[in-house]
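Per-chain residue numbering starts at 1, and chain names A, B, C and D are given in the order in which the chains are listed.
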Amino acid sequence: MLGNSFGRMFRVTACGESYGDALMCIVDGVPAGMELSDAEIQQELDKRRPGQTPLDSPRMETDQVKIVSGLLEGKTTGAPVGMIIYNIDRHDIHVQQYRDVKDLIRPGHAEYTFFVKYGQYADWCGAGRASGRETCMRVAAGALAKKILAQQGIKILGYTKSCMGVESREMPFEEIEAGRHKNMIICPDQEAAEKMIARVMEIKDEGDTAGGVVEVIVRGVPAGLGEPVFDKLSASLAHAVMSVGAVKGLEFGAGFGVANMKGSECNDIPYLKDGKVRFKTNNAGGMLGGISNGEDIVLRAAVKPTPTVSVDQQTVDMEKMEEATLGAITRRDPTLLSRIIPVIESMTAIALVDHLMMWAGYDSQQKFEHKW
Amino acid sequence: MLGNSFGRMFRVTACGESYGDALMCIVDGVPAGMELSDAEIQQELDKRRPGQTPLDSPRMETDQVKIVSGLLEGKTTGAPVGMIIYNIDRHDIHVQQYRDVKDLIRPGHAEYTFFVKYGQYADWCGAGRASGRETCMRVAAGALAKKILAQQGIKILGYTKSCMGVESREMPFEEIEAGRHKNMIICPDQEAAEKMIARVMEIKDEGDTAGGVVEVIVRGVPAGLGEPVFDKLSASLAHAVMSVGAVKGLEFGAGFGVANMKGSECNDIPYLKDGKVRFKTNNAGGMLGGISNGEDIVLRAAVKPTPTVSVDQQTVDMEKMEEATLGAITRRDPTLLSRIIPVIESMTAIALVDHLMMWAGYDSQQKFEHKW
Amino acid sequence: MLGNSFGRMFRVTACGESYGDALMCIVDGVPAGMELSDAEIQQELDKRRPGQTPLDSPRMETDQVKIVSGLLEGKTTGAPVGMIIYNIDRHDIHVQQYRDVKDLIRPGHAEYTFFVKYGQYADWCGAGRASGRETCMRVAAGALAKKILAQQGIKILGYTKSCMGVESREMPFEEIEAGRHKNMIICPDQEAAEKMIARVMEIKDEGDTAGGVVEVIVRGVPAGLGEPVFDKLSASLAHAVMSVGAVKGLEFGAGFGVANMKGSECNDIPYLKDGKVRFKTNNAGGMLGGISNGEDIVLRAAVKPTPTVSVDQQTVDMEKMEEATLGAITRRDPTLLSRIIPVIESMTAIALVDHLMMWAGYDSQQKFEHKW
Amino acid sequence: MLGNSFGRMFRVTACGESYGDALMCIVDGVPAGMELSDAEIQQELDKRRPGQTPLDSPRMETDQVKIVSGLLEGKTTGAPVGMIIYNIDRHDIHVQQYRDVKDLIRPGHAEYTFFVKYGQYADWCGAGRASGRETCMRVAAGALAKKILAQQGIKILGYTKSCMGVESREMPFEEIEAGRHKNMIICPDQEAAEKMIARVMEIKDEGDTAGGVVEVIVRGVPAGLGEPVFDKLSASLAHAVMSVGAVKGLEFGAGFGVANMKGSECNDIPYLKDGKVRFKTNNAGGMLGGISNGEDIVLRAAVKPTPTVSVDQQTVDMEKMEEATLGAITRRDPTLLSRIIPVIESMTAIALVDHLMMWAGYDSQQKFEHKW
């Protein structure tokens, strides 16, 4: 396996499985002199922690994080920040559940392709590294990234934009910020939220699960971020967000809407406001040619329904190579929406910090003058 | 600037601007012993060459490619393949056109953010490296990647899925392959193609441009390709395709459709066919957990309308810092669709070959025996 | 800080400081299906553990390693292997010792440049990440790399080649292997070892420390390993070994001896032995053009004396910006030789595995059939 | 093949063979706004151009470089700088010479391992990419890197330190600078130079070749450059310089001399000079813990004699798999010393610029304040 690192100048490397001893991550590229505590990271982790609402999996993980390196007397030293979370809720009864069905393909689950790739050695217990459990380390690293962004005045806001046909209406940034945490599906439009929750609970009662769309808005990104051609900010964000298991689509600004637009409709018209260039609309989603233009970065990710359902599903027994039926096997989230929001926010933050550091690094002469 | 390389085990590095002397690319990681000629690369380049139909820009570039390294007596040697294309259609009259409006922001164009990033030094001539002209080297490198894939029995097929509200109907792979090149918008559904073309020509007559959706289908990818967590095949494809300037959205399989699906609807049900695991549907778009599952990889990219239009647009003069009006400045494509298809196919191919080589590299020797 | 990862296809990422809570490392690219246990890693770690002989620092660290991920039922799963070692010997008395002298530059020690780089935020406690303590994670990852190499029949052998003017005589591989661990300075020539140890003990009694040269021989490397031009195997080995703090010089085969050789003397003459190409001499140190030629890889690293001495040294107080005197501050190794050998072996192993995986990855399928 | 790129934030990618059409390189990460011309690059290239003195190969290559991208009106734009050099001296007579002996291993030459790696497809003509000809692109990219360094007040000085037993005496930087180009072996000690040249001419007359040591001094590097642990500046320099084909050893400062030093002798003692920390000696070669300390960076590289000699050598015919004799086959350099100096300087410069850009990128808060 490769693929357990993300970023070049701000690099997150992680390990750990669903039912392993612990998950760890190492974040390299953290500036020195930043205050940091376990508690701050924990606060973000608590947003994706399971078992908090009826929309989450009942798995009882406290996700207690411990920073083991990179700090001295409460401040970062420039050394890589290492974090560890021990798995606690992995009792025999659950292990046995997984062992019992380990030869049956779980429809829609990444576990199958891991088996294809690693053969008999693939981790069958709770899907091993193919489990969404790995995302807690994305959130831990993301907490660090968000803090770096916050120091530059950059704010990231994720929320449920739509779920099973119910849409959150258009709202200003401030209202989204104020309202999104007032319900368990993290939707700022309270009326829509109510309908979404009702719909998900209904589906949950059928033993089924629900998909949706998450929108992330980033405010305060300076114009000029992103590397031309292959490493556009948009390309890095796409890489980062599409690396989250359940995401099947991604769009910026007008997104798929551009397919039905004329150039004159799609182009965002620049004007001057307080002596600065701004744009009248934001079809571009804050990026032109993959480089930030100073407007909000707006992205939407399509999140598939949790593949684990308790409806009986036809499947294949990989050992016997014969068709079989899979019943519900385990604990699951009725919808991934509320818990995936901090994950998508985190990947967005990590990609942004990576670009921030690349950019700050090399394109201006002046910085050399003032540093040495 | 960074960002002019893509890939780790199959690495494409490119340079060149719209009105510079030449575009070059260096492809590292090309296997030894492969027959290769300028003519084969040229064939692919000709697919995105301008000036061929009324839907293209009238710029007259022959895009004549020359392989200058990596070959001996018609076969690759393992050394990096270097290619060069000289720009020929860059007459004073066009340079002057660009010089005249170099201080005016072109709405919707990447040129603006390059100015923000590189300041007064940014290349104003035909948008420099921000121009779509750079994509010819993506296609040259993509031709090489496609050839490597073809040798493994992997075929890539791109076509216009929709344009300004007109949709190409669902068709089997073979029909798409047979029919897509029968019209100038590269759409296999001839009836839809006719409507699309009519619509674009109408918009062109208004001095405006049109958006659309491109679908790419990859057949023959073995199950097991892609690296878990951050370097999923889906994440790499997203990175690759979203790095193409005009792409504003991307989805795999059911894509944004998953937002309204239940788990039991979204999950593709496995069954046995001729002793192999196959899936009854392909909502996953050929990847589970970002690793290929043996089904067709299906992706769709939202392509925005060409930002350059000949309708007058409000804008800002960056030098005088005052509002201004921009008329049509130059040659352009009425729609990017037909010319962007080989570009998106190429990025797909490059990302696939990169993964193929990573994968083949490290996890077991048996895989070669049983897969290739 | 960056720089805490090494390798592309076999990637080691580490964190942890001298007096932090713990050191961790994550090894990505580990093949699935390999038996692995804490005990095997521990065995290698015990070779660099302090406090074992009078030549080592008396710091009492047990360096107990725990694998927390990447294993299922004793076998690797393909997932990244995470390891953790908690620091235990970090009592207040030692912390205070460091605090007392934290503004004084320690001559010859990396700590100073960390202060220059990270300013007031640099970790002053036991030199933080600038301490040789970080090398225990190199050895942990190296243990894994060595195991992968061993499975391919590749063996790595490091020993003290010279120390303070005493040279270990030329000996065949088997004798080096059999004799090197018979003394505490890890030198296969027992007579030389005795003299070296006597010399170091003498120097230790003066409160001083001793330098030396470590030789590493790698047997069994197949011809063809290494990437041409910038990523030659020799370049990667140089990168890997020179990244070990105390190494100030590196040479392969005849090394600096080539400066006084004619071409006809330096060239290793090929001949046939049992139908295979071999070379009569090994001035090349097993690599031609940076690619392995099938002979033993032979490298020598110059290891400087431990900078911490208990002789009074003139220095500068960075806070007061005035000259000062530094007495002995802490525990130290009289010579780094015996403890650095497993570190240099480990870096050699890691670089080799990385190349093995790159190579196996992309240039032909036949190689697996005929090489492995 | 991989390995044709070097650097992360300043990345050089090259291609081209000894007898191919052309050599190209693409330099990414070049700051915008720098004046640059073909002539400046040419000036550096002319230093390694063959056929200039009796110590060089008589091959007549003009090495005429052309910058094809990255420039507008004489200034860099931030876009990658592409350069091309066409091979001109590749007449049939020389190709035939290579064809005649293509199955014979050339003792000491990289060509052999390329054959092992790429098999029958390897380029046999003038050794293809295994030829030292590729180094002209290192020098072209190095010219760019040197210019960036010069703008920061950093100067790189390479010269022949020793050759076949003759040593250049210790001299101050200014004298080295003034005197090194007064003779054809680039040695500042004119007496030593005379002896070296006489010795090489004698060896040349025997049909043989000579080795030597090159020293490079870098003045003006600010303290703080280099990334801890695996990407130390020393490790990157080692990677960079050891990637040059003929280099078999490398040392910094006291280098292999440390093996016989006590800590108290080896440590460079800090003191205050004009309110700044300086060091009384420079055994460290300008780096502590792999990070620059503000003193001159001093490195020495052992350069092997040209492997091609016109003395008959025993060898093996790889086609017939029988022993054979190889006579002189072609043009060659009697010693590589004078022509390799600009190559080693260039690799040093490239590694330094790469670190400069990484460093400037991420470790200080202030830069963000002043840039945005």
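In this section, a contact is a pair of C-beta atoms (placed from the backbone, for glycine too) under 8 Å apart; a residue touches a chain by one contact, two chains touch by 3 or more.
In this text, all values refer to a predicted model and were calculated from it rather than measured experimentally.
Colleague: B-C versus A-C: which has more C-beta pairs touching?
Modeller: Comparing A-C with B-C, the pair joined by more C-beta contacts is A-C.
Colleague: Where the centre means the average of the CA atoms, what chain is farthest from chain A?
Modeller: D
Colleague: Take the average of all CA coordinates in chain B, do the same for chain C, and state the distance between these two points in whole angstrom.
Modeller: Here the centre of chain C sits 45 Å away from the centre of chain B.
Colleague: Return the distance between the CA-based centres of chain A and chain C, expressed in whole Å.
Modeller: The computed centroid separation for chain A versus chain C comes out at 38 Å.
Colleague: Multi-chain contacts in chain C: which residues touch at least two other chains?
Modeller: Answer for chain C, listing residues that touch two or more other chains: 1-5, 9, 14, 29, 32-33, 78-79, 114, 117-118, 129, 228, 358-359, 362-364.
Colleague: In their complex, what parts of chain A are in touch with chain D?
Modeller: Listed in rising order, the residues of chain A that touch chain D are 8-10, 29, 31-33, 78-79, 151-152, 222, 228, 356-368, 370-372.
Colleague: Show which residues of chain B lie in contact with chain D when the two form their complex.
Modeller: So the residues of chain B touching chain D come out as 1-5, 9, 11, 13-17, 20-26, 28-30, 32-33, 66-72, 75-82, 84, 114, 117-125, 128-129.
Colleague: Looking at the complex, which residues from chain D come into contact with chain C?
Modeller: 1-6, 12, 14, 105, 107-114, 116-119, 129-130, 134, 162-165, 203, 206, 208-213, 223-224, 226-232, 234-243, 245, 248-272, 275, 277, 284-285, 287-294, 302-309, 311, 313-316, 318, 321-323, 358-359, 362-363
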